[in-house]
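Take a look at the structure set out below.
First chain written, first letter: the chains are A, B, C, D, E and F, and each begins at residue 1.
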């Protein structure tokens, strides 16, 4: 049977305009990659938002897979932005194949 | 090290036309927010579908993060729609920062 | 309280042009369905990519929910493509309602 | 008849539709991006609404217009009952799906209408501008009849109230845009329309080509993957447009419309909605199967109307009004 | 005045905006797909830039042009200080939000300008082509003033350097496209423009209709869901365009512009940005609340300007320059 | 030569391309939404196909047309072998990547062709309408040669059968649309084309401007982020279009084409595909690196052709046919 290893999957909901702050943090910590998933609307404590690219209210979901230590370092690095800029971060354990890649 | 707490992440695949039924249920139960992720096609027991916005066959993924009790209440609330309208629901434990927010 | 069962959720990041190779594998193994989530850009060992549909550099996220044995069979089936074509696969346990469906 | 067919099949609008059917059949990956398809449908609604409004602002509202409107609305209410009977008995559909499909056939397809106007105009039988108003008026009534049929007398708990339902029908995006643009056309008149006419008029047929290309792709893909269409339903999807088309055309001639306008009324009756009504059904009858109503209306009736039935209806209108054949 | 109002409300451009407001108010699901809305805004920028560039390539740069540019740039720098004061004291906003909103009101709205040009042209008061250059020049200065005000003297750690900020302002997609197209128009001149004019000129007003339909939808939805707008902020969103419009128009007349161009300068001062400045603020002042600045500029000031204030400004310009009322 | 360069650089089409290159270089966030870019490429295919079909329906098929088609197809088959040799030896690429890149250079770029037609027409050297047919015929042959080269004799297990491969080449969305529209143009002729010409003809150059703006953005971003392009590959991406362009132009003159058509054949040989062939390669050679073939064809060869090589080829064609310089 194929061998899998456990890694952390982290997803961060962030303003598209500030996406680079998140991906730069990922790069800085030395995680191998990330992928952007579009989102179109949502609701939070500050009310409803909708993707309106003309006005630049868009958000994105940044997803990245990393070893536990790097994942925690990323969470640490992003924590101020979470409070400050209204980002949402969640992470959980996943099994991956070719673990040396992440 | 930064402190994380455990919450449930719930994702519901629903018809875009009926998205409000899902988000209304989330609001009713008192979960703080939700986010919509677009999806473009799929296959299930009823065959293949494709996003065709002219004809209104689109679906969306509603994602919401909540404490376990509210998550279960939401699942309970949505259960009839799942069977009835062909929605798909999955949920799992995630770690979040600033748990008081969810 | 509503009853849930545990299933595997598998997400595969693949080139859109090669999406059918993944969904054909899912069908072959007898998993009941799949759903396509769009992605817009990313970074990996081979650098940055962006969704450029004119040139066909798009990728997609194929998501499927299945019982553990079928999930492992799928991972096995896709393993060569992962290495070969730069796909990314992760999977984890989720709770679903109406488990007989998956 | 033969000349009509030739004309139909050398029109770029129809040829692009055929290209779409062919490309999907050959399993090409040709596809129009979703937001573009949606935008084209909005553009076509806005353009046709504007044009109709301007036409009515010029012609005014006379007896012919009022009787055409009355005939259209009546047909919209009544035709679903006939369709429902056929679907339930011969088609073997359950009540909910019969009602949903009946609503589609009682309502109208804007694109079929527009294509018919193209073809009729090419035969020197341009329908009156007020027929756009008739079309707009025919969108909603069948939805109400269809829902009545689908829900029966004792409507279940959990379903919408009639108020909600009416709200959804009239705020449906395509109905809202069509009627809104119609009013704008009437208020602005020809003078107001002039500066926007290069966009809404000159571009119209080109956009229609690309939209029909997409509809051809979608219609063919849908039928190739369909699991829910029996031969009985396929037969009904051909039978209803023939009967409804003949009924509508005759009705038009009886109330005194010219050949072109009577044919247009026939096409409206023959056509089945695949934009406004499906959207309404997703909300009002989520249990009905889109795999049935969309496949019947878009994949069978729509191509049948565009490629064959418009020609038949035009010929019928000509013979009933005593006008001689095409291209006099 | 009355005739002006009639004219405004029979223009399809304005009527589509009203349709958007109405449809959103009626909770219709009408929506323009996102990529289309974005593409239309890019199209409008490119078209208006090209047109302005071609106009300047024809007219050349004379004293009037230079003084109009100077007046516009000065207004862009100065108006935010006034707005900031009002927002901070009467509006009760904090420093960051006051600065962010002030930047919006000091900068300009391309679509308001374009709509004003439509309306003024309909009144035989077409502004000079160089006013597009003035508009382009007025986009950025207010952003700098607003950031200065928002950040105060001791700018916090973690915020951008001035260099980064300037880079972001000038590479902002709408400013880049507007200026780029302006230069292309100047380089290519009328001869270069001719082959692309069917696309950029003939289609312009139609695209503007659909874009305004969308802005109407978004503006109304935004205000219906807004949680951050107090009556004080609502009042400011009406008060500022009136004052700034009057100031700008007077300034235009003082420096010797014709009635149309002075009115255009007034509209530029009165208008509040909702494309370029919000984009810049998301990056430079991510703590500021878009629920405040977008709702004020797009949902209150923009409709007020389009439906009422352009008419007022035009009348003011006419009376100040001694030209008689509309439609001489 | 000098006048040609001036002309090239005052054409809005070229200037928008330069604006795209510049904006990406300045790290602006300017971007055309994805579905719009895709739709524009489909529009350009449909428009050029239609136009070519109408042209051939008028001119008919004579000896010139047949020999141009023959020359084009032969070039499409043969040029990849030369390119493969250069890429494998001088370029140091492996077999698979050499084959993939060779396919791109043997096939054609529709947008380069269209831009060349713009420029040549501006020099009163409009190529014959049948050159569109030649272009369409040249899309596929090089894909076959390239795959043959990449896979060598013993094609591996797991790869596609030849049947599948041919199916994918001919159902490729751009080839399908180009050929389909060509046939529609031929069937409909000028009469059929007239009603859709405002959309497909009047709007053409404007759409081309925006499409080239986007290609400029993408080309520059791609090369700035590229990791796989060595100086050797960069040199080849300039060398191949020069050689292929000269070969193609000479071939055109030899078989008796006029200066414009010979130059067009040269441009077709010089151009490298970045729409149809990459799509085919993703499927047929998924192991080949798009970071190599797309960066070479789109980021180096395409700008080189548009900004410089079209001018060179036009001058060569003029001197070979004895026509004097530009703008006689």
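By definition in this document, contacts are C-beta pairs under 8 Å (C-beta built on N, C-alpha and C of every residue); 3 or more make two chains touch, one makes a residue touch a chain.
Values in this document were obtained by computation on a predicted structure and should not be read as measured data.
Counted as hops between touching chains, the shortest connection from subunit A to subunit C is 1. Of all chains in the assembly, those touching subunit C and also subunit D are B, F. Comparing chain pairs C-F and E-F, the larger number of C-beta contacts belongs to E-F.
Averaging C-alpha coordinates per chain and comparing to subunit F, the farthest chain turns out to be B.
Averaging Cα atoms per chain gives one point for each, and the point farthest from that of subunit D is the centre of A. Computed from the mean C-alpha positions, the centre of subunit B lies at a distance of 40 Å from the centre of subunit E. Averaged C-alpha coordinates put the centre of subunit B at 19 Å from the centre of subunit C. Centre-to-centre separation of subunit A and subunit E, using mean CA positions: 35 Å. Each of the following residues of subunit E touches two or more other chains: 33-36, 38, 198, 202-203, 279. Taken residue by residue, subunit B touches two or more other chains at 37-38, 40, 53, 92, whereas all remaining positions touch fewer.
Across the assembly, chains come into contact as A-B, A-C, A-E, B-C, B-D, C-F, D-E, D-F, E-F.
On subunit A, the positions that touch subunit C within their shared complex are 1-2, 4, 7, 9, 23, 27, 32-38, 60, 65, 92-98, 101. Put simply, subunit A touches subunit B in their complex at residues 13, 37-45, 59, 61, 72, 75-76, 79, 82-83, 88-92.
Subunit E contributes residues 34-35, 37-38, 41, 218, 221, 225-227, 274-275, 278-279, 282-283, 286-287, 289-291, 294, 298 to its touches with subunit A in the complex. On the side of subunit B, the complex with subunit D involves touching residues 15, 17-18, 40, 46-48, 50-57, 84-85.
Taken together, the subunit D residues at the contact with subunit F in this complex read 9-13, 15-16, 19, 22-23, 26-36, 198, 202-207, 209-210, 213.
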